[in-house]
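Shared chain: chain A. Partners: chain B in the first complex, chain C in the second.
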Partner chain A sequence: MATGIRDKVVILGMGCSRFGERWESNAEDLMVEAFQECIQDAGIDKKEIQAAWLGTCFPEISVGQSALPLSVTLRLPNIPVTRVENFCASGTEAFRGAVYAVASGAYDICLALGVEKLKDTGYGGLPEFGSNAGPRNFLVQPNITAPGTFAQLASGYAAKYNIPDDQLKRAMAHVSAKSHANGVKNPKAHLRKAVTEEQVMAAPIIAHPLGLFDCCGVSDGSACAIVTTPEIAKGLGKKDLISVKALQIALSNGYEFGYNEWDVDHFVTTSIASTRAYEEAGIKNPREELSMIEVHDCFSITELVTMEDLHISPRGGAIKDIMDGFYDADGTIPCQIDGGLKCFGHPIGASGLRMLYEMYLQLLGRAGERQLKDPRLGLTHNLGGFPFMNICSVAIVGRYEKR
Partner chain B sequence: MRRYTHSPLGEEIRAAAGRYAIETEKLLAFRGRSVLIALGYATVDSACCGTGGCGFAFVPGYLVGWKVSRNEKGEAVSEVEPIEDEKEREELRRIIRDTEKVDQVNFW
Partner chain C sequence: MVGITSYGAYVPRLRLNRMAIMQHMGWFAPGLMMAAGGERSMCNWDEDAMTLAVEASRDCIKGTDKKAIDAVYLASTSLPFATRQNCGILAAALNLPEEGLVTADFTSSLKSGTTAVLTAIEAVKGGEKNAILVTASDARPTKAAWFFEMWYGDGAASLMLGREKVIAEFKGSYSVSCDFIPTYRGSQAKFDYGWEERWIRDEGFVQIIPAAIKGLLEKCKLSINDIAKIAYPCYLSKRVHGDIGKAIGASRDKLVDNMHEVLGDTGTAHPLMMFIAALEEAKPGDKIIMASFGQGCDALLFEVTDEIKNLKERNGVKGALAYRKEEFNYPKFLKFRDLIQVEMGIRAEAKKQTALSALWRNRKLVLGMVGGTCTACGTPQFPKMRVCVNPSCGAVDTQIDHEFSDSTGVIKSFTGDMLAVSVEPPAIYGLIQFDGGGRTMADFTDCELGEVKVGQKVKMAFRVKYYDEERDFHGYFWKAILQR
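After this line comes the complex of A and B, so read on.
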């Protein structure tokens, strides 16, 4: 009988590079930057790491294929290293590999590192999906764009709940302005500039109703974690332990894409993954028990809808919560307290671990200007793909309170 | 009625995905009233969406009060009445597209 991952593994250390247009650094430099902070935080020698996972989504244009880029860059001691890719969930997928390896008893100490270097391609945007999504890609999803499909989500959501265009726009503007206000306080963020809701509303449209500030940017960055068992961490003298409470991934199976029952108003996968995660973490009422969340705000509408798929806001109720400030830095459950994808950009392989890094800092009281009061449980969420076909990861971390 | 804060002309407003700037503001005579129009350009050069840019018009609405106050940053604030009627919007879109070099006309 499966018992889940709750409190079986703790985070020994974490690190995160500065995100941004890192023209002066290559992917290897970013990995080293994140790892140096992480290994120092963990307080161990590199030789004590027994296995590692590397998360990266477009290795062809950044680090190259295989897991060798991580092993060679960090001069890891000939240990098993695995490269994983699962769209935007790649960083969390690497974390999952390392955590499960420790939980299984196969290893004592493991490393998970995510990295992506997207600014050196010479153009904006992600590489053409046709080359990465399989030979039938052009048959099943020809001519689609990410903003186009997420704009359809916005329209579908508005239609389902009869929301006027300007009301939805203003709520999305609040989502974006809130994240930018948070990002100003984060020295590792790509963009540290506050914007007003008015400025967001006045920006030109990318795909109606999504405007320029509703879309995240590409960036360069890396983040990593070293994980172990609670017993080993205590043996190393660690006192305040942060443990993994839940790790769930849910993938589309063709239902949204292939049938007409789905109203393009929510993410089927997120709803399922979060339900499983709460069960694994022993959370009965996420609205009351979660302290903070970092969600995949690739587009502002994604964040808005995700509030409902995480079962925090009621169906059709996210706009009210957003406009009431429920998810603001001084709200009940702050969302994107580090600035989110809007301020960090989205170096795909690194994003999931970057989110966990903020939860880790907050739980340990190390978040400086952004520090929240007494957080206990933090949730991170990634969504890779499109509303109609995607990969969703949900991770929950919190203070280790098992005695 | 809404309050419209005038962005400093030519000053770029940055997002992670790109940037935009309002270059000029105009008052357009329409149906016996004045419509405030902000004209600008956007460059999308760092978005997951791809690369592009456009000239655009942003229409806060019918002018009610021109620069009646200032915000805490000292920027001028006007009072406007948003244009919500779809027929009026369509007519304005046509007029603005015929007279300005813009790819899109957006309303508040």
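After this line comes the complex of A and C, so read on.
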């Protein structure tokens, strides 16, 4: 009988590079920047890492294929290194590999590192797939982009709940303005400028109805974690332990865009993954038990509907909670306290680990100017793909308490 | 009885007001004013002679048994492929059975539309074939600020030839074939090269068409007074079109309008287009001549039968002309036809290679929009996959072919994407739900973002999906258009 991951693995150390348009940096620089912080935080020697996972989504435009870029960059001592890719959920996938490896007892100490160097394409937005989307997809799939597919949630959501376009646009603007306000307080964030809801709503359209400020930054960056067992961490003299409470991934199976039911109003996968995660973490009422959340706000509308799929806001009730300030920095459950993908930035492979990094800092009281008061449980939600077909990962971390 | 059993037509929705050409280019070619009245049809950026042909053919074969079609002939002078039979794409788009079907392209001359009809009739008369679909289509490239840009239009017309339920009986034909060259295009050239219009008129139109029609009347032992309508093209001017009528002694009322003001000359399709326009107004017993003009002329005589009253509703030329949106944006016309270079950005450089092996495996899916219906649970689905998509079914290898091309549906979600590479931003696409089941993420075309709403009704159209400039490959797929 499976017992889940709860409290079997703790985070020994974490690191995160500054995110942004890092014109001066190679992927190598970003990886080293994140890793140096992480290894110092962990307080171990590099040689003590027994296995590693690398998460990166677009290696063809940055580090190249395989896990060799991580092994070579860090000069790892010929340990097993695995590259994982699951679209934007690649960072959480890398973390999952490392955590499961420790939990299995196969290794004592493992590394998970995510990196993406996106700003070498020569244009804005994510890389264009073209016929690299797969020979069959290329023949039949519209020339979709990330904003174009996520934007459709707005039309589906508005139709389902009969919400006037301007009301939805205003709530989306609140989501972005809130993250911008949070990003100002984060020295590692890509975008550190406050904007008003009016500015968000007046921005040029990228994919109707999403404007420029409804879209997250396309950034370069890296984040990483070293994980081990609670016993080893204690043995190393660590006191305030942060443990993994839940780690869930749910993938689409074609139901959304192939069967006749889904209304393009929410994420089927998120709804499932979060339910499983709460069960794994022993959370009965997420609205009351979670202290903070970092969600995959690639677009404002994504964050908006995700509040419902995480079962925090009721169906059709996200707008009210958002406008009430429930998810603001001073609200009941602050969301994107580090600025989120929106302002911290979104180097694909690093994002899942970046979210965990913020939870880790907050739980340890190391979040500086943006420190929340006494957080106990943090949830990260890292989503890859498109609303109609995606990979949803949900992780919950919290203070390690012996049951 | 052998003759026409069905017809169909398609004209792209956009009509370029000819004054738009004049206003932009009159400074350069003031003479254009002479042809600047009315409007010409123009392809949307994702239409070409191939897609027009598919739409006209769909109109023609609506409600007929596809298995009963023995052959398809495609006539055009502006087909996308020099090798790779274009008619094969048409047959695949119509999802006709591959086994037992004959397909052929008729090209190189503007009279190839009528020649294809004649060849089809002869095959049916000979008894080898029972039903042949003939589609003529043209969307011809022309240089900017040239008379031909004014005169030409884009469009396609289809005729089904057979022996059952004949609506217009074939009574005879007469052809003149000669190497008269009003314009020509070498095999490597993009545009036609043409001789002086006055010579084309005096030695061409006014001589060759009358010679063929006179020959036909003599052969059929009829006088011009026995004929109700005469359909022949002439793009030069209304006056020259009338002069041809005079040369055969036909009164003005017998001449079918050349549709210069509302359509423009649609090349190989035009004799068929004009003939269909006449059929739409005809009564049983009417004798109608269809004649062409190219390297000679084919003149064909048909007599309308009582069966025309039983012909099912279709778009035809009337419906095609009613599907219309005026365009006054001449630079847009130039961009759609790739006559001006626009900065498309680095994003547009993404690889567009077509895996021919994958296209072959998936030809029904891609060209025919064929999905599946699960025989275990009855769920229609697109694409057809090995495992049923219904979460409470999941049966393996239970799906039979399900054609979605004629399905209607509703919009579930949409966007207008300014980031996606598009000839006409924003790229509008979204999820559509087919009536009766099945759904797909589809590009929308022939619409503006402001018109698109969730819940709106759509139907499918065969369009250009991409053009691979590097390898000169035209990729086609189906898109959603609003039901208007």
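Criterion: the second predicted complex is superposed on the first by the 396 of 403 C-alpha atoms of A that agree within 3 Å, B and C clash if a C-alpha of one lies under 4 Å from a C-alpha of the other, contacts with A are read in each partner's own complex, and residues count from 1 in each chain.
Methods note: a residue touches a chain if its C-beta (ideal position, glycine included) is under 8 Å from a C-beta of that chain, and two chains touch if they have at least 3 such contacts.
All figures in this text were calculated on a predicted structure; none of them were measured in a lab.
Legend: residue contacts after superposition of the two complexes on their common chain; A:196 is shown touching chain B, with no touch to chain C. By the touch criterion defined above, A:145 reaches both chain B and chain C. Using the contact criterion defined above for the overlaid structures, shared-chain residue A:298 touches chain B, although it does not reach chain C. Of the two partner chains, neither chain B nor chain C is touched by A:237.
Contacts of A:206 after superposition: both chain B and chain C are touched.
Once the two complexes are overlaid on the shared chain, A:166 sits against chain B while remaining clear of chain C. In the superposed pair of complexes, A:254 makes contact with chain C only, with no contact to chain B.
In the superposed pair of complexes, A:155 makes contact with chain C only, with no contact to chain B. In the superposition on chain A, A:125 contacts both chain B and chain C. In the superposition on chain A, chain A positions 123-125, 145, 147, 204-207 are in contact with chain B in one complex as well as with chain C in the other. The part of chain A that touches chain C in the complex is made up of residues 121-125, 128-132, 135-136, 138-145, 147-149, 151-153, 155-156, 158-159, 204-208, 210, 253-255, 257-260, 263-264, 388. Within the complex formed with chain B, the chain A residues making contact are 21, 119, 123-126, 145-147, 166, 190-191, 193, 195-196, 198-199, 201-207, 212-213, 215-219, 298, 341-346.
Chain B meets chain A in the complex at residues 4-5, 7, 13-20, 22, 38, 40, 42, 44-51, 54, 56, 58, 60, 82, 84, 104, 106, 108. Taken in their complex, chain C has these residues touching chain A: 345-347, 349-355, 357-359, 362, 365-366, 379, 381-383, 385, 389-391, 412-422, 426-427, 429-431, 433, 437-443, 449, 454-455, 465-466, 475, 477.
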